[in-house]
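There are structures below to look over.
Same chain, two partners: subunit A is paired with subunit B first, then with subunit C.
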Partner chain A sequence: MAKKKPSRLDQLVKLVLYPLNWLEERTSIPGHSGLVGGIKYFLFRKVPSDISWGHTLGSAALTAFIVQAVTGVILAMYYKPDPNSAYESIRHITDDLWAGWLVRGMHRWGASVFIILLFLHMGRVFLYGAYKYPRELNWIIGALILVLGMMEGFFGYLLPWDQTAYWATVVGVNLQATGPFVGPFLGPVLQGGHDIGPDTLARFYSLHMLVIPGALAGLIGLHLWLVVRIGVSSPPWSPTEAGRPQPGPPPAPRKGLVAPAPRGARRR
Partner chain B sequence: MNRRLEERRAYHARYKHDVKTRGKPFYPYAMFHDTVMSLLVVIVIVVLAVIWKYSTPHEDPSSSGWLGKLYDEKADPGTTNFVPRPDWYFYFLFYLLRIFKWPESVILGTVLIPTLLIVLLIALPFIDIGRERRPLRRPVAMTAAILVIISMGALTYKGATAKEPLAAENLVLVPKWAQKQGFAGNQTAVDGAKIFAQVGCMNCHTYLGAGTSNLGAPDLSSIGKTSNRGVAGFADYVSDPSKFGNNVMPQFRDLGADNLRKLGTFLQSSGTCSPKSSNCPAAGGQ
Partner chain C sequence: MDPHEGQGTSHEPTPTVWPVGFAVGIACIFVGLIISKIVLVVGVVIAAIFGFLWIRDATKPFRHEEAPAEAEPPPAPRQPPGARAAGPEPGEGEIVRYPRSKFLEATTLGLGALIGVVVTAPVLGFTVLPPFIKQGHPKVDVGAIEDFPENKFVIATYLLKPADGEVSRRTAYIRNNGFLGESPSFTIVSNRCVHLGCPVQVNGLPLADETKTERTAGNNVVTRIPTAAAAGFGCPCHGGQYDTEGNRTAGPPVRALDRYEFEIVDGRLLLGKTFAVSEVDGTAADAKIHTYPLAGPGQHVDGPEAWLYPVQPPR
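So, the complex of A and B:
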């Protein structure tokens, strides 16, 4: 029997699949899918049939975060976190660099868009009652993302080193000093001394572009992981709401949990 | 196993079952919506940046366009005319500080209420533990949410529209003050009043009806009578208020000894320069 020559298409498919299989082979353990399998699962997993635009606010907020990350990295290439040159570097970015105003403008306004989308996303989750079992932990992670997002705003506000930035931060730091116990220590720790100066700017810069964004990225990853694992909730008023009791035998509880067989009629 | 957990697990198992049997794949259905929305977000951000840039007059890049200035003047710890304005999502906190005044209740606005809000936000899933998700059947949760939205909105609006006085506007008032308070003949006090009008004191303090009582700072119209620290005492206080237990007011050490002395003279003259009073600083200084 003569061996058939593989077609062009088969060769192409093989060419694409080879690195994917290689990657899968090296990221999976027996019985569990690896990176490629995970991405496949992410893309082709089932979601409730009745979800729509309301469920896009989370990914919209993620998009705004990515815009902040990308524009932030570009700004960091030209910004100088030092009181003698910070203001001038901002003016240089805005006035002289090609599209510098665009990158800075996107970063400045993207921050507000990010916060607005976080609030809208939170409102949607609240309206749908989607913070209830088993999604409580993801609500908490979301709340932390909101708090950290606002802190990003506070620490980033000083960086242009103009009058508004400086004096708003003076007031902000002074207000934190009114707190009980830790309050009086918080100011000097944040400022890196008794006045707002070079150390404050360096400290705020580090917090604004390393510490908080790192924490945010980690929390967003965890948030998404839980979303995929648990699943997004149907709108509660939908006639085809996933999870609403249907006529017929109830499905068996999840495997692996110490759960007795379901008994009795279920109430909604 | 308790009954609630059992019910919850059954509900989620039913959810997983329904999604598996009746759901749609994320790609392409949900991903289509997400992609359109993400593009919209990027477009909105770019449009905001473009409006910000191109509504600013070319001939004067430091003036304000539709979305505010491209940049303010460079930070100067030594001067003048600052406007402590936070970003808009802190306006509600900003306004809380006008409601809760320093020093008695400022801690309510700076620490207690923000902490309470964060704790309530995080604790929500443990407070609202019912399984019902339909909004109309959750009257308590919905009422609470609407109240929060209204109050946050109102505080944000009030914080946004709270007017900060401009130094130039305050400066006009100095001769009127000098006449009313009776220190017109004392050039040091008049100079001090000009400093007072310009360096931002009136962003937090009121004086004879002008200025704003931001952060609950007291009215200073007759501070010379009520506080009576003397010229040097006031200069010391303004130089570093934290030495006197005031951690809210910024330091003004950078004004320099001469300016501080003038400021102190002005403050000591306020409310004490009526004909009967003997505390009024003599013309020319001490």
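So, the complex of A and C:
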């Protein structure tokens, strides 16, 4: 035979690449990559060789956010933001629905995980000095994400509509209403009235699941874009960054989670 | 830059606002034809005036008048190349930017901004204003005077707005002080802690066995629980303590407990608005109450700290 028949693998690769190439061709700007190229670049871009597990905290926080978003959307399918049925609908989710306890638990504990990861990520960035030029803007955006994340916690806390939720929210809102000058107006705006009333729950629900998550998603997008645009910073003690050669033999290439580098292969 | 430069024969009309007024006049005429003669006349007048001005403007070159000064720099002194106001000299095949295109740019941006404001303002108002509008509530009938034994606090719970359901349930501590002269005297204290709004409790013994539930005017459901040996009030959240007049005795609260206005109609006790109290001198019927307009929990009503809350929203 003159021509070899293409192998199954080649055919499969072709099959997978065809729609991707189709998409790429239609989303790319001349001279730049399109959607597929962009995602490829995002996933396989070069990062400094001396980064550590500490650098994964941001991705971990992003994962926590995605878990919150997905479980939140599913919970919203069963939750009823009305003073007369909110508590009962939460009880229904937890006790009656299949795996409801799990999804609600993921959302409830994942909220804490998200905040904890934000703080750890923030601490890593702070201790590594990674907030310095040219990354100040990303620090500011990150601080906004932290504030919005905590607001998510505040507004979400009322939704179970039990005694803890109710009185914690009373205290939280009144605490903010003691702010000078604008405080007396802030409280009613938050609650939809001078006290927690029939509109408060729906208001908090809207803020918790539409307004703030939307803002968070936008800010996270901006945050990631700047990370990719500027690049990941090396640790302050990085010899390569300081212009010195790496001491010892060059580090063995790492292959990620599948085949991590052997212990001691990398030396500083 | 001057569009007429080097084209003495150009009959380009200069940019002008008169057609806008003319168009308004025409619109007025059409509206007037349908709804009112006055509007029609106004429209005719507007259209006539602006039409005249427009024609006068447009025919200026024919009447050998001096070209009107434009917003753009005058044509005469040639600016040095690169000067911003003059703009770059158009090269072969380049697009020449006429003042009119700038006018259109400004108009588009301006109209866009206007539309943005017109759309956003009601939405923003809808979000922010309802909490301040129609916040009042009707007076609440909490029972007959005889239901309140003298010199004992009764825990009364009621619905602030029965239509809103249980979420509007409130609690007042009511003590009948007997008579002050000829009129009955009551001490009616709100259970909202003036630290951060938790529910204060009676430091005493609620007599749950003697609880009475009554359906009163306006489809309200009122419960009354008498108490024995009430020695004041305490808040479970952060430990605020008050005496029997509502004066702060310990803990973080910033003033005395809020009180209710009340009136007695046909022997029934009606609760009105709540008001803030800085402190109470004396006790029971002889008490002198230092009253202030209602403020949120944690907000000072007297002393220099009150300057932090100069304006209170309408209630």
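Heads up, the rule we're going with is that the second predicted complex is superposed on the first by the 229 of 268 C-alpha atoms of A that agree within 3 Å, B and C clash if a C-alpha of one lies under 4 Å from a C-alpha of the other, contacts with A are read in each partner's own complex, and residues count from 1 in each chain.
We adopt the following convention: a residue touches a chain if its C-beta (ideal position, glycine included) is under 8 Å from a C-beta of that chain, and two chains touch if they have at least 3 such contacts.
Just so we're clear, the structure is a prediction, and the values are computed from it rather than from any experiment.
After superposition on subunit A, the partners subunit B and subunit C are seen to clash. Within the superposed three-chain model, A:47 lies in touch with subunit B and out of touch with subunit C [touch as defined at top].
By the touch criterion stated above, A:147 is placed in contact with subunit B alone, subunit C being left untouched. When the two structures are aligned on the shared chain, A:189 is found in touch with subunit C, with no touch to subunit B. Contacts of A:174 after superposition: both subunit B and subunit C are touched. Look at A:110: by the touch rule set out above, it reaches subunit B but stays clear of subunit C. By the touch criterion defined above, A:84 lies against subunit C but remains apart from subunit B after alignment on the C-alpha atoms of chain A.
Number of subunit A residues touched is higher for B, counting subunit B against subunit C. With both structures placed on the common chain, the touch criterion links A:10 to neither subunit B nor subunit C. By the touch criterion defined above, A:25 lies against neither subunit B nor subunit C after alignment on the C-alpha atoms of chain A. Within the three-chain overlay, subunit B meets subunit C in a clash at only one of the listed stretches 22-30, 58-66 or 238-246, and that stretch is 238-246.
83, 167, 170-171, 174-175, 177-178, 180, 183-184, 187, 195-196 are the residues of subunit A that lie in the contact sets of both subunit B and subunit C, per the superposition on chain A.
Residues 127-128, 130-132, 135, 160-161, 164-168, 196-199, 237, 295-299, 308-313, 315 of subunit C are the ones touching subunit A in the complex. Those residues of subunit A whose C-beta lies close enough to touch subunit B in the complex are 42-49, 51-53, 55-57, 59-60, 62-64, 67, 83, 87, 90-91, 94-95, 101-102, 104-106, 108-113, 115, 117, 123, 126-136, 139-140, 143-144, 146-147, 150, 153-154, 157, 160-168, 170-172, 174-180, 183-184, 187, 195-196, 230-231, 233-234, 236-237, 240, 242-246, 250-254, 257-260, 262, 266-267.
By the touch criterion stated above, subunit A contacts subunit C in their complex at residues 83-84, 167, 170-171, 173-175, 177-178, 180-181, 183-185, 187-189, 191-199. Across the complex, subunit B meets subunit A through its residues 1, 6-20, 22-27, 29-31, 33-34, 36-38, 40-42, 44-46, 48-50, 52-53, 61, 67, 70-77, 81-90, 97, 102, 106-107, 110-111, 118, 121-122, 124-126, 128-135, 138, 141, 145, 200, 215, 242, 247-251.
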